[in-house]
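Across the two complexes that follow, subunit A remains constant while its partner is subunit B and subsequently subunit C.
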Partner chain A sequence: MGIAAAAVGALLAGCGGGPGAGGGKVSNAKIVLGVLTDLSGLYADITGPNAVAAVEMAVEDFKRKYGDKAITDNIEVIKADHQNKPEVASTQARQMYDRQQVDALFDVPTSSAALAVATIAQQSKRLYFNTAAATTELAGKSCNKYTYEWAYDAYMLANGTAANVTRQGGKNWYLVYPDYAFGQDMQAKFATAVEAAGGKVVAKDPTPFPSDDFATFLLKAPGLTPKPDVLGALQAGGDLANLVKQYDQFKLRDKGINLAIGLLFDSDIKAIGAAKLAGTTFTTAWFWNLDDEARAWADRFKKRTGQRPTFDHAADYSAATHYLEAVQKAGTDKAEDVSKQLDGMTFSDFFARNATVRPNDHRVVHDAYLVKVKAPAAASEPEDFTELVEKIPADQAFDQPSPACRMG
Partner chain B sequence: MILTLLDRLNRRRAWLRWGLLAAGLLVAFGLPWTLYPPVATDIVCWGLFAVAFDLLLGHAGLLSFGHAAFWGTSAYGTGLIAIHSGVPFYVAVLGGTAAAAMLALPIGYLAVRRSGIYFAMITLAFAQMVYFVTNQWRDVTGGENGLQGIPRTLPGFDLSNSFVFYYAALPVVLLGLLAAWRIVHSPFGRVLAAARENPARVRALGYPADHYKLVIFVISAFLAGLAGGLYAVNHGFASLQEVYWTTSGKVAMMTILGGIGTLWGSLVGAAAIVRLEDWLATAGFEATGLVTGVIFIAVVLIFRRGIWGTITHLLRARAVAPVPQIEPHLEHDHDELQPTPTN
Partner chain C sequence: MTSFLQQAFNGLVSGSFYALLALGLAVIFGMLRVVNFAHGAIYTLGAFGAVWLADSAGLGFWWALLLVPVALAIAGTLAERLLIHRLLALDPLYNFLLTFGIALVCQDLLRMRYGSHSQPYEHAPVTGSFDLGLFEFPRYQVFTLGLSVVVCLAVWLLLTRTRIGTIVRAAIERPELTRAFGIDTGRWVTPVFGFGVGLAALAGVLAAPMRAVNSGMGADLIITVFAVVVIGGLGSVFGSVVAGFTIGMLAALGNLYFPVLSQTSVYLLMAVVLLIRPAGLFGKEEHV
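Moving on to the complex of A and B:
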């Protein structure tokens, strides 16, 4: 009975879904964009419901731009909450591709979840645009021809900050990093970049993860020889908030030790307080107050959501727009054909400037920005946190394609 | 007259038992027709895990708060074997399960010497050690990126379809459940139940209570490992979530929700939680933890016996009600004489 049932089931499953199953130009006579993200947890502010809003904006703008000439006016956006659990992410991704006929997935924070979704994308032969996970493995060992990295990665964050701060005089570094893969990865890339720019890593220490007491490391910093000029803090989220507050309490800035941060989002600045962070440098893929073009989009975003966008939101909009444009150009939503339109494409939009979609590893390289946190007095509005220090050109912002990446 | 009544009741009970078994099998075989197949596979895996947990909690009276260690060890073990050797997934799962059982031996050896909160804390401590080792040993486990790309290998079958995979995994789960059922209804199971109620008296009768506890601990870890291995193959990866303490909490929640000591109730609890999580992921609520938490609290407050326990209690109450009191109080007469406190 089991075998018979299985056989019938396999038959049924074979008939449903599958790219290009419909007779028309687009499968199932509609295009479905799925946003799989953290809607309720740790990353809900950085990505979350507003990431869904960004993709919806992209769809509306696409419809407005093409009107009747659009390949189809039946474009849906659906969302799901992966709760930052890779199992939930993989089940949801499979379900969205199989059952809800999603043609492309967007966002997906948390590296393990993103890697799981990339695998499902490859198996399902549908597209996935990562904007939220930082792991370089997505364009390295785990790359595949259905997965694109649109926004940033650990290399971009580490390299930009380390190289530029060193060049500007921060020669001696003390690195503290959370003891897990993201932190290890960041630490290695920071150290390489610091030394390449002529600096020196005086000491580096792993910190327990998660942790709320960094006193050991902060007290150690001034006593090191040579005395470090910069404390490189590679923590994220709650750990980072604690570390910065304690850095402030120990008055390390007054002792001549500046702070450089690996990954900083506007929501972190809001949580820690801009006053405590003022002057801190970090690298970002984009910030809303970059220029008029960015501001114009950020204003529309704020009107819709009540908040200023993070770079992840901007990247979601950008990726969704270019995906829809590629479908329009290809005349089909078949993943392979859409992918042909995207590979090697060069473009500039409000988010990604001087951008190229690298065909060999699907990493989108674009200008990145070294920024510093504004003092609250200099801010034009409560959510204006950052100002530009230096633009990092696209060809320097990202690493060379990894030899570990082999696309099937 | 009383005898015929009892006889009829027993016969009815036998019918009920067979009927329930048939219904259970029907549900097991029909599950992927009504549910999305990967979710159905998740349910049976978690179900077996919860049953393994209930063996320990409900039948031996040991609340382990570290069962994620065994589920996770097997998930990673299975994954590593499947990735590096390419053997059929049954063999990989068995290998992972053996690793889990082997890990349970020293942990159990130390833990069963204590009971109650101390037992829970010792198991939790060991599970956290497993978690940190898994996290740090990233050359092998992939750290928090997880162990990706676990294949579903079975020569002669294409298991890439989740529907087919469900039927490949189901026999393993059913065997595990059968084993659990046999253990509970064996003399060994009776001794365990006795040791749970009164370890001193069991020892006085000449049974080495700690040995019995250790054996059930390892068996429980073995079954948890079986479930964890299948789960990893189902998802195609093993992540840190598998060895994290929240997994231990989740399985405890399933068992308590279903009904402690009811065995089958754990399956109901697992199905309820997995379905709920799956549904909440897309329901548009943005507070998954809150909803599951509230339901859990409600069940604990209102249905102390859990879902299955409450249902069987109600049914039994109705079935027994018309029968006059016939049981002599013989077997209860020692209850008032509380045993000497142990330790």
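Moving on to the complex of A and C:
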């Protein structure tokens, strides 16, 4: 049975290889980039349709750069909605790789969905560039040869914020986290980072998800012993907006309990109000007003979409560009050959500075940024929300490769 | 002890939302025998109404508190006349599906207009906190609780001390008998529906300054409110209010003492109540 299967496999491989070697250099005579994302739900604004636009921009720029010399001028971008559900994500990913001949997938918010897609990428032997999910597991125990981690992870968010806030005197922490994969991962990373910086986690509580009432925890905070200096809020989206509104009403800042936030996007700042958040520090992989290079791309992006990009959009563009460059260099879109070009590569672009694609776990390490929310008066335009506190160099921004990762 | 009282009080504040929403659901169910699945969407529309008034007309919280419930109550009466009324004679399942459909349409229209992220609302009418003797509490939260209690009491007085209230109560409790006395209960169906809608809209406006305003806010909340109504007893006005405040308190204390159970405690309580009193705490068993 095993021998028969192997023989059939070899025959099929032989047949498949024939026209490929003789005809075009890329499979099916085209390169297909797939954006699998949340097109209408909770994360549609920070990833979503604008992630598709970012990948399309990368394709257009690649075609313009190489013109006739491009490996093929037949490059497509297709998109699909995974509704933040892992089961939908894996069906869609399989469909995109198998039926729509997608060579590489991009984006994929929601950690559980991203983990599902990584498994499908490995089974399909096609590439997947995650820019939107935060779980460290993608480059940890669930890592594989076909999956790359381009933008950020929970360690990066926790390490930057927790270490810095603790160093500045926020020794005692009260962590509240949403009770699901992302929140639990964030909580563990924050606790480690706080303690490594000489601080102490006084208490940590899981909060119901989703929840519109955080008063229980806000009331509990001042009564803890020792009294916490910092409330570490690891919620996202609507939950975060609820929590910060109520933090403000319960006047915890006046009681000496400052706020530190795990993951904060511009849309969250808009929802909560920059005035309420002014001065709050957090860590980000990139922000559009970082410097001239970043602004130049953000201006092009705004012209196209009417909005300023999030770091996820910038990372999609960066990943798609380097993927296409790697295909060009490899002279084929075969995943293993493209991987060889990417692994170990060092580069700097408008998004990822001083970046290295780590060959042993496919984590792209690059400079991260500790930033704070600008007071509305200091903003240069309505979408200007963040200012730089300090750069976190690439070699400190991310964790060491996890021993749990075995790529084989 | 202080912390216990503080949490219990906080529970009453979140209970005030449950009570307003459950009260509306209960009168609508009592009068129309319709489980209004659009109730969460109306709550959401109430909050967005406040946001929209502030953004487009510069009208603050007090205006919203007055205008939004009235406007949505009118829209509710229209929806009752044009759509729900036509299905009343059929199996209740039809209205169940209709109201569920209305909820989805509202939610997606909001998403088209505002996206899925939360909207800012910076118009809290009162800020700062009250000293309640044992502990301090944000003024706005205290105001919300106070207003909710006043509204619930007013509805109770309306139902028990006025002729209209007597008719409505009679129609809820013994519809056939009331009609047999020659009272036209049908006249009151539409206004009662509008009134229930108005209560949900009021809860939505009250939520805007203290909760995240987004298209999904009502969908998350309404499941709990259904459990509240079932615990209180379907169609029991008094039961829905009592259950609303009780569940609010239980959830707050559950968060503190049994965080693992915080999300399930409501449903556990519902299961226990249904086992012991199948019609809910204050419901009457129907003999059909």
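One rule holds in what follows: the second predicted complex is superposed on the first by the 385 of 408 C-alpha atoms of A that agree within 3 Å, B and C clash if a C-alpha of one lies under 4 Å from a C-alpha of the other, contacts with A are read in each partner's own complex, and residues count from 1 in each chain.
Please note the rule applied: a residue touches a chain if its C-beta (ideal position, glycine included) is under 8 Å from a C-beta of that chain, and two chains touch if they have at least 3 such contacts.
Not measured: the values here are computed from a predicted model.
Residue contacts after overlaying the shared chain place A:Lys65 against neither subunit B nor subunit C. After overlaying the two complexes on the shared chain, residue contacts for A:Asp239 are found with subunit C alone; subunit B is out of touch.
Of the two partner chains placed around the shared chain by superposition, neither subunit B nor subunit C is touched by A:Arg406.
Of the two partner chains placed around the shared chain by superposition, subunit B and subunit C are both touched by A:Ser40. Touch criterion not met for A:Arg167: it reaches neither subunit B nor subunit C.
In the superposed model, A:Asp268 makes contact with subunit C only, not with subunit B. Comparing which residues of subunit A touch subunit B with which touch subunit C, the overlap comprises 40, 44.
Contact residues on subunit B toward subunit A in their complex (touch as defined above): 29, 32-33, 36-39, 42, 135-136, 138, 142-146, 148-149, 160-164, 167, 170, 231, 235-237, 239-241, 277-278, 280-282, 284-289. Put simply, subunit A touches subunit B in their complex at residues 1-3, 5-6, 9-10, 12-14, 39-40, 44, 49, 78-83, 85-88, 90-92, 94-95, 98-99, 111-112, 115-116, 119, 123, 135, 137, 142, 179-182, 184. Within the complex, the subunit C residues that touch subunit A are 3, 6-7, 10, 13-14, 111, 115-120, 122, 124, 127-129, 138, 140-141, 207, 209-214, 216-217, 220-221, 251-252, 255-256, 259, 262-263. Residues 40-46, 205-208, 210, 212-213, 215-217, 219-220, 223, 237-242, 245-246, 249-251, 267-268, 270-273, 275 of subunit A are the ones touching subunit C in the complex.
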